[in-house]
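Naming follows writing order (A, B, C and D), and every chain is counted from residue 1.
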């Protein structure tokens, strides 16, 4: 893990994210969003969390992005030009960024270098999921089922 | 030269702020959703970074939390987009400026 | 398998419970599946019970407990548990075996009922609760199942809900037993307060073991008496026996299962289970609490036997006989014969279920008629019912040697005779034995001998599905005596945890001859008294009871159950009624006036304040209202309905939090 | 001798890298990756060219005609001619199209297909990209295809494109689920998501002659068939080629593409096909293992490509013989039959494992699958199979 790689990927990621937040066309913004998430996944790879990175790509590109473009398709009539940027929001965002950066830079304990750790294999994650995290896993399964049913109910055509 | 935790935290803070920007300054409901997803991704990045830069734990807590958070984010996206479609059906718009019937 | 069942004792009650739930969810018309499910559940419980029974045979005094924590509060943990010892094991076997017979019988008896499915759901529910009761290793768990059993009993007594009498009887049973349960619950709380545990056995720390008992001290007597209150209610002991005869409003299989064989025996079981508390600090085997148990038992046994002589309803006679037998068991427990009492309980479970099912068969054959004066001559019409009923009757009367009831009764007489405190209970029990033989003879003559009367004109034998359980139970009632004889007191020693041996000499006991004579005398007296039942005598009309003819006063007294219900109605119920009336009157005339008087004062004050109000305060309030409304408008502007405004506020909150931490740092 | 032939490509790569021993580590890493990438591209682009001509020839044989036989010997140079034709064609972009998206779509789809090839072990020690969660990587990358197809449909601003894209995404999402779930039993049994481990777990022979491939277990056979069918749908091949049904919606999401972009789509489709069949061979057919122990001297990559070719031949064969299904039939088939059956495979694999992985497990898992199969076929109403379709939305 070298700083150069991190910085390059971070710049790409943040540029894509910025594009997602500011591009006029919704479809372009969505695609930029997908690119930004690929960048985040790459950062995960660099941090040694390969599995999470793959899951992120799998879930966000394979599912969430497709869902978003479908929604854009279904609400197409409304996809007009957004009105001019909201400066209040931009100011707030910058202020939050400044505040967070200031806090991070001021905290000395986070200026550490990564220790050498054992590779976290899929097997270890699987074992953790099936032992100490089995209840959260079940809960998430339940949540996803509930979300599935809820989403279906929400978009179901009302019977005439 | 190896990067420190600070670098990742700043990247994450930047991503979070960009997400906030999208959620605050755009009027289209889908943009707000994208912004929220970006903020969640930033949070995940924080989890992973803190996990990576702290002494090793068994089970890998940060990774586990990130996985669960991704699952929850997926559920949130599904329901959120379904809501957008339902709202669009009803009001023929997804501009949140016009969706203000719940005002005081 | 046996090892496995010890860890999974909870399965035994769980199976009928689960079956009950499944049956409840069936649609109303699925008679066949309901019956099959219920019987299958009972068979499963029987098999499991049998496997649980096996290990208790191998070691004398076997005891397996399995405790678990229900919940913790503070430092205390409320622990429950399951227990398997000989006492529980034989109860399991008896309940499941008798229960199975009764389930099978019910499929025939209830065949035409429109609520067939519901009936089997309740019955399975009861079975589960009762099985849970006997294997509880905690007084609290026992109490929970105790109440569930009570609920099942309530539901089943009032099963024919459209009959007002059934609904009333169910209510009466529920309320009366609840009075006893209140005492039980108080005793439970007291016990927990003193000993800090409700587990029976907990490796030396349970409330029945030295660890717990030592902490009770003098309060043990009161705790025991309070627990006995519960037993009195459930087991129909005087003065709380009044609900049991009325409970005969339920379907006959219910009477057989709940109000003869199992649930009413729960009281006796409870006393036997909690016996160490009763006998704590006993001098020569006598304590104050046991004394109370003995005398309540004696009174109950004698009183119920007397009342039974003058009853006309076939099931009520049996009900009083049950009360009487339960009294007998209580006496046995009280005088120290726990094993004898339990043996009688088990034997009684078999033959009383047999008698009730036989009565059910008779009622079924007579198209719902329950009055024995309208029956007669059924001997040839219902041969299987008659022969099995006769076996049950002889077992109940205590005919020695061949019938289980005889041996157990003799055993009870034996221990009672050696009670150091008094010889009186012994003599009273002897009278009770005589009376039992007498009323059973009367009943059997009325029902099966003589000429056919109104109801038995078109009587018929019951279908196979009903007679088979009768035969099975009759065989049980006879064969059970094998393990009861003093020559080879297997069951006695099994319960007390010693090894049995064979010694024929012990067969010859003084009580054997005594009871032989007494039972014979009872039979003879009965045959002599009722030889001309239903026949037009010189002075006596055909539908009059011989005893009624001879002693109308006494008969009236007994027929009306010694006026106990009326006594309650005149005293306790009248008292509460009177106090209610008094309160009502007070409310209407006294308190009402008082309140109205205050109201008048208030009115006067009101007129006075109104003037102040209108002139002074209103103006101020109006101003406040206007101000509030303005403020509200101001605040509601912040509630813009714009989601992004809310988001911005959240972001500002984040910033504020950051600034706050910055200020802290 | 046979070992060195088997490892010849590995040795070649090492030899190439020895020239760089002095360079810093990251350069070696990059060069090594580049070698892998070029090898992959070279092999599979050749295979694509071969496949395109062979498919036409085989289809021709099936339809009782010759197929291309004019360019080069046996018409083998036909792909070259086609390539030149495609390259020199005009690249038409519709005026109202979303130009950026329209341009990016074919690139993304091809990139995804090629990336997916990276994790498949082509021979002993011949996995281009070794990663712990290789299978997951395969599907993560594969799921990008859906987005690319959508981009193509949206970017073209054409109703046929959009309809084709919608159809494609609908069936791809529906079949991605069974595709992943049928992989699960293998992953469960092996206990790893790494393709190398999965291949290694299929080494050896039962009774000395039956290879320990997963396709020879009941659950494996079922999962293989389901995987194969789902893969067929994923690659939009006949009989599941409704997204580009020529008689209905011109060419689906590729309608507005011409020239080299169209060729890219075409190539992506074929490479996706190679990837899916390669994964099927890896998961169920023992990867590069030889089917007979006597033939182990033949290099491992030969076996792999033999299996790949066999599966590809089945693809072509199916295309030549089966008619196109309707979209509603495809969807019903996915949700009502394939998905329950793939879940059954998971259960059957678990049964197989807990019954001892022997003959007993074999029989028990067969029983499980047979029961569910029978129940499903009884449940799904087979009587109405040929009834006229009710048009609910197009009236």
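Just so we're on the same page, a residue touches a chain if its C-beta (ideal position, glycine included) is under 8 Å from a C-beta of that chain, and two chains touch if they have at least 3 such contacts.
Source: prediction; values computed, not measured.
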Measuring between Cα centroids, which chain is at the maximum distance from subunit D?
C
Provide the C-alpha centroid distance between subunit B and subunit D, rounded to the nearest whole angstrom.
34
For subunit A and subunit D, let me know how many angstrom lie between their CA-based centres, rounded off.
29
I'd like the Å distance between the centres of subunit A and subunit B, where a centre is the mean of that chain's Cα atoms.
6
As a quick test, compute the distance in whole Å between the mean CA positions of subunit A and subunit C.
64
Sites on subunit D at which at least two other chains make contact:
none
Multi-chain contacts only, two chains or more: what residues does subunit A have there?
2, 51, 55, 63, 70, 86, 88-89, 92-93, 96, 100
Shared-contact residues (touching 2 or more other chains) in subunit B
20, 23-24, 27
Among line, ring, star, complete and other, which one matches the pattern of chain touches?
other
All chain pairs that touch each other
A-B, A-C, A-D, B-C
So, in the complex, the side of subunit A touching subunit B is made of residues 1-4, 6-7, 10, 13-14, 17-18, 20-22, 26, 29-30, 33, 36-37, 40, 43-44, 47-49, 51-52, 55-56, 59-60, 63-64, 67-68, 70-72, 74-75, 77-79, 82-83, 85-90, 92-94, 96-97, 100-101, 104-105, 110-115, 117-118, 120, 124-125, 127-129, 131-133, 136, 140, 143-144, 146-148, 150-152, 154-155
Residues of subunit B touching subunit C in their complex?
20, 23-24, 27, 32, 96-97, 99-104
Residues of subunit A touching subunit C in their complex?
86, 88-89, 92-93, 95-96, 99-100, 102-103, 106
State the interface residues of subunit B toward subunit A in the complex, per the touch definition above.
1-11, 13-28, 30-31, 33-35, 37-38, 41, 44-45, 48-49, 51-56, 58-60, 62-64, 66-68, 70-79, 81-86, 88, 92-95
Contact footprint of subunit A on subunit C as seen in their complex
644, 648, 651-652, 654-655, 658-659, 661-662, 665
